[in-house]
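Consider the two complexes below, in which chain A is the common component and chain B and chain C are the respective partners.
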Partner chain A sequence: MDHFARLGLPAALDLEPAALDRVYFALQRQWHPDRFVGRPPEERSKASSEAAALNDAYRTLKDPLSRAFYFANLKGIEMPTDGKTIDDPDLLMEAMEAREALHDAETAQAVEALAAQARQDIQCALGSLGSLFLANDGAVIRKTLLRLRYLDKFAEEARARHTNLERVKA
Partner chain B sequence: MAYSEKLIDHYENPRNIGSLDKNSEDVGTGLVGAPACGDVMKLQIKVGPDGLIEDAKFKTFGCGSAIASSSLVTEWVKGKTIDEAETIKNTDIAKHLALPPVKIHCSVLAEDAIKAAIADYRAKLSVKKDESKEAAE
Partner chain C sequence: MSLLEIHEPGETPLPHAGEAPLAVGIDLGTTNSVVAIARDGVPAALHDETGKSLVPSVVAYPAAGGVLVGDDARTLTAAEPRNVVASIKRLMGRGAADLHTVGGVLPYEIEPGSGQTDMVKLRIGGKPRSPVEISAEILKALRARAESALEKPVERAVITVPAYFDDAARTATRDAARVAGLEVLRLVNEPTAAALAYGLDKGSEGLYAVYDLGGGTFDFSLLRLEKGVFQVLATGGDTALGGDDFDRLIAERMLADRKRDGLADQVDEGAVKSALALARQMKEQLSDRDKTSGRLELSGTPSFHTLARDEFEAMIEPFIARTLDIARNVLVDAGMGAGDVQGVVLVGGSTRLPLVRAQVAAMIGKPALTDIDPDEVVALGAALQAEALTGGSDTLLLDVTPLSLGLETMGGIVEKIVPRNTPIPVQLAQEFTTYQDGQNAMAIQVVQGEREMVADCRSLARFELSGIPPMVAGAARIRVTFAVDADGLLTVSAEERTTGVAQRIEVKPSYGLSHDDMADMLYDSLDNAEADVNLRLLTEARVEANRTLLALDAALAKDGALLEPAERAELDGARERLQQTVAADSRDEINAAAEALETLSKPFAERRMDRGIREALSGLSVSELESRVGE
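Up next, the complex of A and B:
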């Protein structure tokens, strides 16, 4: 069963966060281990595996980026796995320049500006995915998802650097 | 996880960090990425008139194993011909640095980077040959 089906939701890129929370918490109550105390072992084990699968589904679908990767996978978009390298020059040049700029940024303010740009780029790329899936353009979807991976990594690095700079200041 | 001394040495004192002029005709540039972890690696070689690699530089944004792998490769290729440099295998890198299994992909990235740099240099060389042939005609 896929993560969308497990939560009783239609498979889609866009999910209303409140709706996702609602179905998740309702199902989580239904399968909560506390409700199975004193029940036969098969039922207890069924409840705990359901609860674990629900957590997994919720975690994957809650974050728009991981949801997009998951949705693409359901649609048969194959991404390079661990150990595979890519040589897309535009993407790598963008990633290299961004990381160099972050490396050279000396103040928390400068880092925050770069992070804000990355967040905006992520929103923009995520926003473009809907119509790409409608057009069923596998190559461009794949390219966009790879770019999202790099932007996400950049945002993570920027957060770490920001924390470090703030710590030095304090 | 215990890392080898060689790995830590290359990570803490990376050799040959920097850039060469990518537009120069005796410089080959390889730019590769590991999308699974968001790493990006640039490796450049400068080939002398005698056909030997006289300089190599790298810039890697990634984990310690990726930095150490690219640092090691720049050290290994200096003084070699591009044909010799091309025979460097990721397994040699992984073995030398004693990379743990989960970090083997970092050595794959370094192998692909040197191969890409050599391919870029060769492409420039063939353009140069074509141009001189045209000029002779």
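Up next, the complex of A and C:
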């Protein structure tokens, strides 16, 4: 059973967060191990694996980025494993320039500006995925997802850098 | 498991026919423990005859025989210090290298040979005793209190643990309950229990933070609440940061004062315990006074000590700063800002300190919720959950795993399987393969922590998957599954998928961690790890340097005449330099200045020795000794 089916949701790229929470909470009310204290071991074990599967589904679908990757995978788009080198020259250039900018950014404000730009780029790229999936353009989808993976990492790094700078200031 | 044989199942009386056995909530705290029961959704802490709900987490094994717990045990501290043990929670699942000294002396006697690769054992009343069995005595006393208050047998409990407790400490807690004859319905994280006690789900939807600074541990959790659902979004903490550390600083100061005043103390386990007990009292008084004083009597010689609140606050500031750093990281992990938080719940006795209240309120920018007694709130929440688990309820607690879980891959790199803040229970798997032709076995090392290298994380277990049929490198498909249950406990299994050679193990942690390993492991984020570790090391270097300065001042006050004016000037110069670096932010500079001072003061220390002053040992050499102990 795929994660969408487990939560009783149609497999789709776009998902209303409140709707996801609603079905997740309802199913956890049914299956969470806390509901099975004192029940026979086989029932408890069943509940535990149901609850675990729900948590896996929820956490995969909650984050728009991981949902996009999961959805692409369901659609048969193969992604290279994490940590492989970037084979897209445009992306490589973008990554190098951004990294340099992050390296040179000295103030929390400058780092935050880079992080905000990355977040905006992520939203933009995520927004473009819908029509790409409609057009079923596997190569462009793959390229976009790889860029998203990179942007996410970059935003994370910028965030950590920002936290550190704030701390030094405090 | 040999621990379980200590308690015969037959010892517990059977419940009366037709009566549902009662389930209580227990907060097994570092300093105090509380047992509570909830009926019809109303929790109440159970009191003793004198109306006290707090049971000091102190256990004594008197020379006369028997076991004492709580106030009775604490009373024995002065007469039989070696037979009394406090703050045992800090040793749950820990190794010998994780322990803190006071004046170079541990407030415990370690059983020789223990705590290297296993949990540390103490030697009390001439016998080795493990933290698990000592904690079990506290649980037995709480159980007895509950049974006498309720006039019914009690054999099931929800027990709370710090959210940031790792697998070893959680397992140890569950084992202690078993030794005490209690069935653990659930291990619940302390901040989550506190949120439950506040009933925050009722009519107060939104995001809440719980700041829990207890006697020995710190937790910070962010919860999202809506009707009946408590969803933990992220959690972080430090299982070796709490009010105990503040006591330690005050005790160190008093011992240094005595040295300065020329008292020739033999600083032993008993002296340390007495100093810590007084330090705790003085700390508590400073919550509603600006200044306090105390009388410390060691080997028949009294000394008088005063402490002003602002002095005390300056001493603990680095610790509070660290809690706020952790809190900020948790907010970042949850993708939230302080402005998103609707309120913050304060839990734990240490949140009574005005400095803590002020700084937390300033960070969150919202009023702190303090209307439930911070010492009781966790037990009350645990009692509510105990009732919910046995009687049914609409409340749903969705908690997360506090630390990432993974395994070792090539080159000592950690492959994370379950990232921190993953909702539990959860089961996640990953496939690995062989790297040599014909390889027939694979060693699997399970680790917990946020760092990238295995050596920097806590090793939980190591096992071997054997009998892999001969294949070319990369052909085998080995699936390793990590299952974390609702108590936060991990089970790892591995299987060779082409032939189905399954091996299943329950993680039995190995506790052999050095202090540095532990410090490294406790830091939340990979990206912040380095900065965090540096901060911690800086704090430690400062504490160490201050200790050296105090020791030097004491020695100079007493034996300054032993120095030529030129020597004295040189020493004063080095002292000044160290003092200056302490105020700055470079650990290397502090250490260099401290080392320079120590070197320069060696002849002085030797002269003091030569003159036959034995207490010279308690001057500079103590800090040297300590720094060696600390390594």
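Some observations on this one:
In the analysis below, the second predicted complex is superposed on the first by the 165 of 170 C-alpha atoms of A that agree within 3 Å, B and C clash if a C-alpha of one lies under 4 Å from a C-alpha of the other, contacts with A are read in each partner's own complex, and residues count from 1 in each chain.
Here is the rule we use: a contact is a pair of C-beta atoms (placed from the backbone, for glycine too) under 8 Å apart; a residue touches a chain by one contact, two chains touch by 3 or more.
No experiment lies behind these values; they were computed from the predicted model shown.
Contacts of A:58 after superposition: chain C is touched, whereas chain B is not reached. When both complexes are overlaid on chain A, the residue A:163 reaches chain C alone and has no touch with chain B.
When both complexes are overlaid on chain A, the residue A:152 reaches chain B alone and has no touch with chain C. In the superposition on chain A, A:12 contacts neither chain B nor chain C. When both complexes are overlaid on chain A, the residue A:74 reaches neither chain B nor chain C. Look at A:89: by the touch rule set out above, it reaches chain B but stays clear of chain C. Judged by the touch definition given at the top, the superposed model places A:124 against neither chain B nor chain C. Contact with chain C, but none with chain B, is seen for A:25 once the two complexes are overlaid on the shared chain.
Shared interface residues of chain A (contacting chain B in one complex, chain C in the other): 156-157.
Residues of chain B that touch chain A in their complex: 31-38, 40, 42, 59, 61, 104-105, 108-109, 112, 116. Residues of chain A touching chain B in their complex: 79-89, 91-93, 95-96, 99-100, 103, 146, 149-150, 152-154, 156-157.
Interface residues of chain C facing chain A in the complex, by the touch rule stated above, are 185-186, 229, 231, 321, 325, 328-329, 332, 385, 388-390, 394, 396-398, 422-428, 483, 485-486, 525, 527-528, 531, 535. Within the complex formed with chain C, the residues of chain A that make contact are 25, 28-29, 32-34, 37-38, 48-49, 51-53, 55-56, 58-59, 156-157, 159-161, 163-164, 166-167, 170.
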